[in-house]
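Just so it is clear, A, B, C and D label the chains in written order, and each chain counts residues from 1 on its own.
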Amino acid sequence: MRMKLAVGIAAAGLLLGVAELHAHHAFAAEFDVNRPLTLKGTLVKWEMVNPHSWFHIDVKDKDGKVTPWMVEGGSPNQLIRMGVTKTTVPVGTELVIEGYQAKDGTMKAVGRNFVLADGKRLFLGGSAGGVSDPAKAK
Amino acid sequence: MRHRSRSFMRGGAVALALALAATISIAGQTQSGAQSAAPAKAPVAKAAPASAAAGKTYKAPRTPDGQPDLQGFWTNSTYVPLQRPNGVTKEIYTPEEAEAAIKAAAAREAEQTEPGTTADVHYDFTQFGLDRSQSTFARNMRTSLIVDPPDGKIPPVNAAGQKRQQERAAARKAAGGQYDNVENMPIGSRCIIMGGAGPPMMNAGYNANYQIVQAPGYVMILTEMIHDVRIIPLDGRAQQPSGVKQWVGLSRGRWEGETLVVETTNFNGKNAFQGSSENLKVTERFTRTADDSISYRFTVEDPQTWDRPWTAEAPLAKTDGPIFEFACHETNYGIANILAGARADEKKAAEQKKGSN
Amino acid sequence: MKRIALGAVAVVLLATVVPSAQTKAYKAPRTPDGQPDLQGFWTNSTYTPLERPDGVTKAFYTPEEAEAAIKRAVQRESAQTEPGTTADVHYDFSQFGLDRSQSLFVRNLRTSLIVDPANGKIPPLTEEGKRRTAQRDAEQKKLGGRWDSAESNQLDDRCLIMAGPGPPMMDAGYNSNYQIVQSAGAVMILTEMIHDVRIVTLDPSTSSGSPRAESRGDGRMLVDPRLRQWMGVSRGRWEGETLVVETTNFNGKNPFRGSDENLKVIERFTRVADDTIEYKFTIDDPTMWTRPWSAESAMKKTVGPIFEHACHEGNFGLYNTLVGARLEEKRAAEDALKKGSK
Amino acid sequence: MMRNRFLVVLIVAAVVSGVSLAVDRVTAQQAAVQSTAQAYRAPRTPDGKPNLNGIWQTMNTANWNIEAHPAGPSPVRDLGASGAVPAGLGIVEGGEIPYLPAARKKQQENYANRLKLDPEIKCYLPGVPRSTYQGMPFQIIQSTKHIMLIHEFAGAVRTIYMAEQTEAPADSWMGWSNGRWEGETLVVDTKGFNDLSWFDRAGNFHSDALHVVERFTPRSAETITYEATIEDPKVFSRPWKMSMPLYKHVERNAQILEFRCVEFVEDLLYGHLRKQPAK
């Protein structure tokens, strides 16, 4: 459970219990900083689960071969409070995901940035818009 | 430079100097070139300022069975650190100073990470509304949550505490590398328990939300991460048997006027708050000071660690529900991925070594 | 119970012969909730065989013939075994009061417990019955010799279950004792070997003859076919002075003379004297036998207590036997090797 | 005089006992349980509702198998008798779960691989209604707008929304519950399940189309009649129902204690990924 922000707190001097001092690079232990990639594909399913949600997308390569990818994102809980539901991001949505591939070389990655076909960034708490502005959706 | 707003915090024990001016210097963080084109979002603060003074005139509504009503959804999300940062001596900021501190912290959260750096290997919190500025957080004019000792710092660890902390550090070192096995990884990453549960209940960084429900003779506090529930009996039951030790200890509560006083002992010592021992005793005091805020004060006593008790105040602000199920362990793919990754690295290293000699 | 019979067998003539005609005059006392009282310690130990011996045609012995038959059986039981023979490798039952004659046993002028069919024999198997019996024997053979594993041994040697509880309840050879205790709505029968308890709940909808409400059970009559038990699931009702117990849901692992899991047993307990309960049962298993068949015996009042029979906990015999078998195999293999290498 | 009355009873008995013994599959016990429940009126909470507060637990073997089942050996040999399966009359009304044919086959496959597949073994949240009869206590904290069901196993918790009722925002293990009062009964309607939990240790399962309607009806000071109607068109040919009593813990200081079992299964789930000592 990479709580990058939790580390932020440590940095902000709010010393939590020792348990909270998550080594920030835990994510770098799961995903390979030397394997950056950009995936363009269509959403098959957004697993709104914890501790991190997972975007299942089908990526089509040049000659049309489709590979299923699993891309890690953040906990959906706050978005749910902002009105996002499992139908907010419809299946089939075109997504461009910048990320890093899993170390074990499987079709898994962490998505450092999720961008829609029209260039808008997904969600961003409603300020940069997203598929549907959660504030409006409420 | 594509627009991307990432929030991350360089890890490790980086002390953030909350200087008066907005410029914040964080050791070890390289700012990637120019400030990113996307302006840091102005922090949207929903909570009304929770100043203690207003508490006097306010009187909480009553639950049907006559308890002061603390029910609803609350958050202890805050930008105020537990300990007063070095270089800050005063106890209370002026409103402007507090605002500046928040703005600086929010800016850091929304800050870009440098592609190709390990820090960049993470999803962007802001895309999931997880940076504090995008949801309610509790405003607090104090420069630290700790109110006693007056210097806003945790008292020095006594000899017994240091000895135990050294033993724990040695044991951790003997257990090997952090990714040698799952037991060496942080208990939060293992989905066993997170900071929000406590007690004392600390800000978990995101999803720092609570749901309080009261029934005759009980106050229940649900902590969003990881669906930890504290059921506080108000029947004044006797001291609990020492044989039962729990991650969240055993709590007993009573009402003192408008204040719910909760005493917790029987900790199992595996989630040692600030390096405390099993003999930790935490006394929490919940007082509703306004419709949308609860004063949450906790006193920490552990003679095995500190020679004096110390107290902090971390106000709770009313926020929106729901608290969605945080099933952490069930889909904690990360643990297996990390351990598999580590083993893969070791195998590669071993092959390279064999290949090279 | 300090009767120690050393060596010579004292045939104790206790109970008088019990012809069934005598029951009319007797009326059992009542339990507090109004049921005929069957409580106490009872034994079904008997010298009368289930099936009529070959060569005997009549249904009843004369009293003299019965006495002679018993004396012969008693002699057989106390006959000394020939030293050096495998039969001799056993403790002497009579030194432990375990032969039937040293404790109370049921006297019965009948030449077999089976009363129907009239020939006193178990009726023939159906075709399906033969097929299942053959299949069962094959499976048993597949398990190998009796001492190849615990599972290939007999149920009583494995302390799983013995003949006592059934149902039907049969003489276990020794320790054939029962304790009956009745509560409102239930009759409990404790079988000494192996502390098997049958709780016969009384179905209120069909119970009669017990005027008080509380003596009717709470109707736990569910008999889901998937619920199979060694002793089946019993349901009881009072028909006047007689407790009628119907049992189905057997798991088929403890066949009664070859019965299978579709076995249905109907037992009838009637207290006919202060010291005697008439015990009749009917065996109905249409898959195995061409017709139902019935038997009659009795239970005589005996003395308690029923001491704990913790069979499995002290079953050193099974363990020692298996160890012995493995050792013998090892020795045989070594001998063969030696012989082979000469 | 006693004998005459006895004779009369005997005659009546002869008539009554003629009634066929064909056993009705619906247990008379459950009918009895319901009939007394209607008559009982529970004490009220201060806001006038039947008071369900308390620590509750079932006393049945449903967590092993919600259908009737004989006793059986432990799936883990070395646990011997302590791990063995007790027999149970089953809690499914009518006895049989109306699986679609393919679904019954899947249940049997689940059963065959239950040590690998049962989510309970991995300390995953139990789902509904398994959380009720899993064999560990749960506490009801009843307030006006929210009623909380807090389970000891893995800290599973359910919020029953009594006021603002919404659709499930996303799938979850414990589902999304909206509740209402119908006289003496709390009715809880739950949807939004994922398809990962089981109903018991015997492989009985459901899909993400599961819809559960539970009814909590106090039947005495210390018991509640619990009924659950299960609907899942992807798995069952028709809705079906289970019911059982809940028993209240009355011992002094009764409390829900921690059963944080994640720690207990880490070796099971991740042991094979341990760093091997350098050979």
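We adopt the following convention: a residue touches a chain if its C-beta (ideal position, glycine included) is under 8 Å from a C-beta of that chain, and two chains touch if they have at least 3 such contacts.
The shown structure was predicted, so the numbers you read here are calculated from the model rather than taken from an experiment.
Compared on C-beta pairs in contact, A-B and B-D come out with A-B as the pair having more. For this pair, subunit B with subunit C, the centres built from the Cα atoms lie 70 Å apart. Separating the centre of subunit A from that of subunit B, both taken as means of CA atoms, is a distance of 23 Å.
One inter-chain figure worth recording: subunit B and subunit D are separated by 36 Å, centre to centre, where each centre is the mean of the chain's CA atoms. Chain contacts: subunit C has no residue touching two or more partner chains. Across the assembly, subunit B contributes residues 179, 190-191, 193, 322-325, 327, 330, 340, 342 that each touch 2 or more other chains.
Under the contact definition stated at the top, the residues of subunit A that touch 2 or more other chains are 76, 80.
Taken together, the chains touch in the following pairs: A-B, A-D, B-D, C-D.
Residue ranges of subunit B in contact with subunit A, taken from their complex: 2-16, 18, 26, 38, 41, 78-83, 85, 105, 108-109, 113, 115-132, 134-135, 145, 154, 178-179, 185-191, 193-195, 198, 202-207, 224-225, 271-275, 319-328, 330-334, 337-338, 340-342, 344-345.
Across the interface of their complex, subunit D is touched by residues 63-66, 71, 176-177, 179-183, 190-193, 211, 213-218, 220, 222, 226-229, 231, 233, 237-238, 240, 244, 246-248, 250, 322-325, 327, 329-330, 335-336, 339-340, 342-343, 346 of subunit B. By the touch criterion stated above, subunit C contacts subunit D in their complex at residues 203, 205-209, 211, 218-224, 226-229, 235, 237-240, 246, 251. Listing the residues of subunit A that touch subunit B in their complex gives 1-33, 36, 47, 49-54, 72-82, 98, 100, 102-105, 108, 110-114, 121-128, 130, 134.
Residues of subunit D touching subunit A in their complex: 167, 169-171.
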